[in-house]
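Here come two complexes built around chain A, the first alongside chain B, the second alongside chain C.
On to the complex of A and B.
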């Protein structure tokens, strides 16, 4: 009996870690966009769903998941670029409320278009990596391990990009003080575009790697919204490290909560969020600067 | 006295207009418009007067709806009492939720609000499935007795009743927005909260009270919905319909008295027309939101009001100039 429980707990922890990976990839975009542009970009959930649908289409056409992932990210890159240049850039200078409602409109329109193109029936995506790993006597699907490793890799890559490259340094400087960066002669509007497209591609990657876990459906963006928000709020808007930490927390709370009582999976992160907000209203790593 | 007449005439003109529209448009459509305008009133007040964007409005609609629904399903048969129970239930829950949500600044408020909405949806759909029957919902069609004075079970009766409620809500918000000190302080919170705090106001109390008022009105609309449709299911709290209230308030003009009515009239009309051709009306809502936000935040009624105000100001500027110069 005890052996059984340990196995359950280990598989729950691994599941939680892989969910953390998905949450992290999805929310790092939200966090970056808020940090640099002071916008809450709700259309990230559309790119997430778009990524999942593109990987479904290309995988079922060519049979290669890798090709599907690349195709999904490329499509999202183009779509996000067009959306940013046409719509989003007009509201950067306005209060947060504007970007929120506007990008929610983009999100809704995108979901409607997805329903129009792909229909309402959920679509399955086959897991690209079969086989399983043996951890302490518990067999764990190999794909989950792959997702965890990928998320760690992306975290390191984002940290490297932000800290070691010139473009990343400019973005970090922009997060601190956009006006000064503009005064230094850096084209801040191009910086915004780069950040937005990068965030969107990461969201699409979240959709791609989440697709084999769940059925791809038009409402998948809507159903992950709450978890993504909880991750962003717990970690503090605008902080990459905070996002990573809170993604780990929320992933574990969701999977271990589901072990105790199934509906707890949705409610436990909310309780954690309330608890943390009562202690620190700006989230774990949100600074006072972000509080405006 | 003149001011008193002005605010009344607007409401009476709308009343007469809507009453005569009944001859041309289906009453089911008008009932939905009226109930939706009550629902959007709260959201519009929060956005336009307090600067809080509430994407979690369906949750507060659902509290009122389930309050009424649970009363009708388990306890009684009187629709009046059901609506009262729904309003009271949403009032109590709003008071509790408000103490937590209002503490946050506006970005966190919106995110938390939407997360709260999703959690509410899960609570009604899964956690309380024994009592709420999740997606199937509570069917009340045989549980409602005809009520005295206005028969709420007949389509005509519910139309008239929601109409009277809408007028009362309008009058209340008219008083709140144009005449009371409280409404003015709400606007101050939107413009500069820090300064208001400096002047010695407790901004938390102001925001909390405004939050409770706005969302209890949403709960009232939810209770009316339950009585109107004779059913309530978990889908009423679905977060994807959160955009509807925001879209309507932005379309009509956030913070205006008749904005929600105009917005819901256009929105529900468009939705009815468009859904005949395309089954996915989300595209339309999204498109409307984008257009309204890019065109300017004032909305239809807001633009009209500012145009009229500008014309009035111009007229009063012209008058002394004419007398002084002896005509142009």
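On to the complex of A and C.
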């Protein structure tokens, strides 16, 4: 009996960590977009779904998940670039409500486009990594471990980019005060484009790695929206470290909550969010400076 | 032969929404000149500087810098052309170190010669790995000016440079601004008469969005006889 409980707990922790990986990849872009552009980019959920559909299509055609993942990210890069240049850049200087409404519209259009191209029937994507790993007598799917490692790798890469490259330094400065970055002579508009496209590609990657866990469906972006916002709000808008820590918390609360009592999986993250916001209204790593 | 004009502002007007704050302001700054604008709070000094730096679009008028019209240009283009604006809030990027702050300016201007920054502000070399959040007001002012002089600007627009600074640091700034003006013109705005009297070669007085006087007499400047404009 005890043995079975330990196995369940280990499985739940690994499941939670892999969900954290998906949440992190999806929300890091939301956080960056708000941090730099003060924009709530709801169209990230479209790029997430687009990533999943593209990996489904290309993997089905070529048999290669890797090619599918690369194709999905490349397609999203192009789509996000066009959307940013043609649509989103028009609302950067406007109150945040404008960006919410506009990007929600882009998201709805994107979902409509997905329904038109791929239809309403959910699509399966096979796991690219078979086999399992034995952890303390518990068999853990290899793909879940891969997702966890990939999320850690992306976190390190994003941290490196933000802290060790000049473009990343400029983004951090812009998160502090975009006007001052312009006054130095830096083209902030180009920085916005880079940040938005990078965020969208990471959202697509979230869709790619999540696809083998779920059935790919047009509404998959909508169904993960609440959890994604919880992650961003708990972590603190604009903080990458906060997003990572928050994704870990939400992932574990969802999976361990489900183990205790199934409805807790949906309820517990909200309770955690309310509790954290009562203690720290800016979120765990949110900055009071972000009042632009 | 006199020095050529590096900036010429003609009939500049500006407004925040329906509220007009600048009315037909015209002024000139010569190359390597030190000019100050004095006036009470709300006189429109900061608005004028922001319009000159293209951080605020004027409703009317023109700003010609080095024979180029600046109205309509982006603020980052103006900064790259060599007209730099230094804000009054002593805001450096708080999460960035002194090194990163300078790197950003170097990235924007392509000028990586930090020796000129350290020549004027040797303390920045010691503080190179300190984050902006942990700098004093004086150190932040040094960093802001240090960042601005990368790219060899021809004009520095400095808003309230002495606000909140200790008298000893203000003394240092006077010396530094005199040194800097060998390479570029400096336009400061503020209400610190002692500071203005020590650095300005020429003074404009502003009142309710208009330039109301120009003081060029060295004795008048030294005696702060323009103080009634404040």
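Here, the second predicted complex is superposed on the first by the 290 of 292 C-alpha atoms of A that agree within 3 Å, B and C clash if a C-alpha of one lies under 4 Å from a C-alpha of the other, contacts with A are read in each partner's own complex, and residues count from 1 in each chain.
Convention: a residue touches a chain if its C-beta (ideal position, glycine included) is under 8 Å from a C-beta of that chain, and two chains touch if they have at least 3 such contacts.
Everything numeric in this text was worked out from a predicted model, so none of it was measured.
Undergrad: Look at where chain B and chain C land on chain A after superposing the complexes, then choose clash or fit.
TA: With chain A aligned, chain B clears chain C, so fit.
Undergrad: Decide which partner touches more residues of chain A, taking chain B and chain C as the two options.
TA: Tallying touched residues of chain A, the top partner is B.
Undergrad: Who does A:113 touch here: chain B (first), chain C (second), both, or neither?
TA: first
Undergrad: Quick check for you: in the superposed arrangement, does A:185 touch first (chain B), second (chain C), both or neither?
TA: second
Undergrad: Taking the superposition as given, does A:260 touch the first partner, chain B, the second, chain C, both, or neither?
TA: Neither: A:260 stays clear of chain B and chain C.
Undergrad: Of the two partner chains, chain B (first) and chain C (second), which one does A:176 touch, if any: first, second, both, or neither?
TA: Second partner only.
Undergrad: Which holds for A:166: it touches chain B only (first), chain C only (second), both, or neither?
TA: After superposition on chain A, A:166 lies in contact with chain C alone.
Undergrad: Look at A:136 in the shared chain and tell me whether it touches chain B only, chain C only, both, or neither; answer first, second, both or neither.
TA: After superposition on chain A, A:136 lies in contact with neither partner.
Undergrad: When the two structures are overlaid on chain A, which partner does A:279 contact: first (chain B), second (chain C), both, or neither?
TA: Touch status of A:279: no partner.
Undergrad: Give, as a whole number of angstrom, the minimum Cα separation of chain B and chain C in the superposed three-chain arrangement.
TA: Minimum over all C-alpha pairs of chain B and chain C: 14 Å.
Undergrad: Provide the residue numbers of chain B that touch chain A in the complex, in ascending order.
TA: 47, 51, 53, 55, 100, 103-108, 110-112, 114-119, 122-123, 126-127, 239-240, 243, 246-247, 250, 278, 280-290, 293-294, 297
Undergrad: Quick check on the complex: what are the chain A residues that touch chain B?
TA: These residues of chain A touch chain B: 34, 40, 87, 90-91, 95-98, 100-102, 104-113, 115-116, 219, 222, 225-226, 229-230, 232-233, 237, 262-263, 266-267, 270, 273-274, 277-278, 281-283, 291-292.
Undergrad: Taking the touch rule as given, give the residues of chain C at its contact with chain A in the complex, in rising order.
TA: 53, 55, 74-76, 79-80, 84-85, 87, 91, 93-96, 100-101, 103-105, 107-109, 147, 151
Undergrad: Which residues of chain A touch chain C in their complex?
TA: 166, 169-170, 172-173, 175-177, 179-188, 289
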